[in-house]
């Protein structure tokens, strides 16, 4: 699907916020219905999900302590009629080894986030019967 | 090199497609000659490359099972006169540990991909005599 | 903070350059004061930082040999009145395992970098009394 460019936001999330909730709230407050999200920073006690196809749901790994937010990649679209951010993260520990997956939760020490709004036909997530809520697959 | 912005595409790749082949095909079908690519999702049995300078080629690591596609980063330019996607990926296993490198192959369970077309002087990959095909290094 | 789009740059950094220094120099030469940075490639002997909150500074891990630059994510803003790139990287070893964190240093074998300039009110990093230099947290 083809979109035109909307607004561009670059901002720091305040310390102590829960990152995923903050991004979803930002999208709602600013009425960003479609977009891309990226960022870097440092998160406390992040929880990351691994989609287990056989189980039809996410296995959640809870990390302890502070992690470098090495990459944050994702998008914003509609789910149940509201803006919804789908975000994956790579996280670095004290020795530099990386963990990551689907962002379930993470408390912000630092998060510098870029959101690029896209304008066009709405993209909506709908249950696909596998435990996933996806857009229609369409170029 | 400086470019102006072309079209923006955000889409889901159908389940079962081979991701790299799909992105290359998408670029050809839509005539995207230069651009950036990013995305997230979940891949089955990905193969990732590590460039071994001494050997002058890629060592390929084959992963088994399903991995979170934690980050997909890359670009599109010309190689042998056709659009060519150069993509690196980070992949998360069930325990959240990450593997990654140059994307050689991966079957899509889910892939949500963003392509930003760039317009300007063409960028072309040419063999550099080290086993790499690169653009001219030029600001 | 909301920005409009400036120039878009996609380029290859010459082999042998120190990556962080090159990106900072590029931003100065082209007068990019605010922007986002992404990229992929292959780095020699990268040094990556982990922010240690208790110590109020970065612990640096030095990696040896050649690593795939699996992701490079970050931004450009002002620090001490000059363009300053804040970059995080994920790096893949020969067996595909990933390390990463805050980019401190890395010699380029290959680096294909995309910089998107943003235009608007300047973002400036200021010491926050924790060993971090951050923007004001403001939507």
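Structure notes:
Note that the chains take the letters A, B and C in the order they are written out, and that residue 1 is the start of every chain.
The rule is short, and it goes like this: contacts are C-beta pairs under 8 Å (C-beta built on N, C-alpha and C of every residue); 3 or more make two chains touch, one makes a residue touch a chain.
From a predicted model like this one, the values you see are computed outputs, not experimental measurements.
Chain copies chain A and chain B are related through a rotation whose angle, from the C-alpha fit, is 120° to the nearest 5.
Interface chain B/chain C: under half of the residue numbers present appear on both copies, so the contact uses mostly different residues.
Rounded to whole angstrom, the centroid-to-centroid distance between chain B and chain C, based on C-alpha atoms, equals 21 Å. The residues of chain C that reach two or more other chains are 5, 38, 71, 73, 90, 97-98, listed in rising order. Of all the residues in chain A, the ones that touch chain C in their complex are 5, 7-15, 26, 29-30, 38-40, 42, 66, 68-73, 90, 92-98, 109-110, 112, 114. Put simply, chain A touches chain B in their complex at residues 1-5, 34, 36, 38, 48-53, 59, 61, 63, 71, 73-75, 86-90, 97-102, 118, 123, 132, 134-139.
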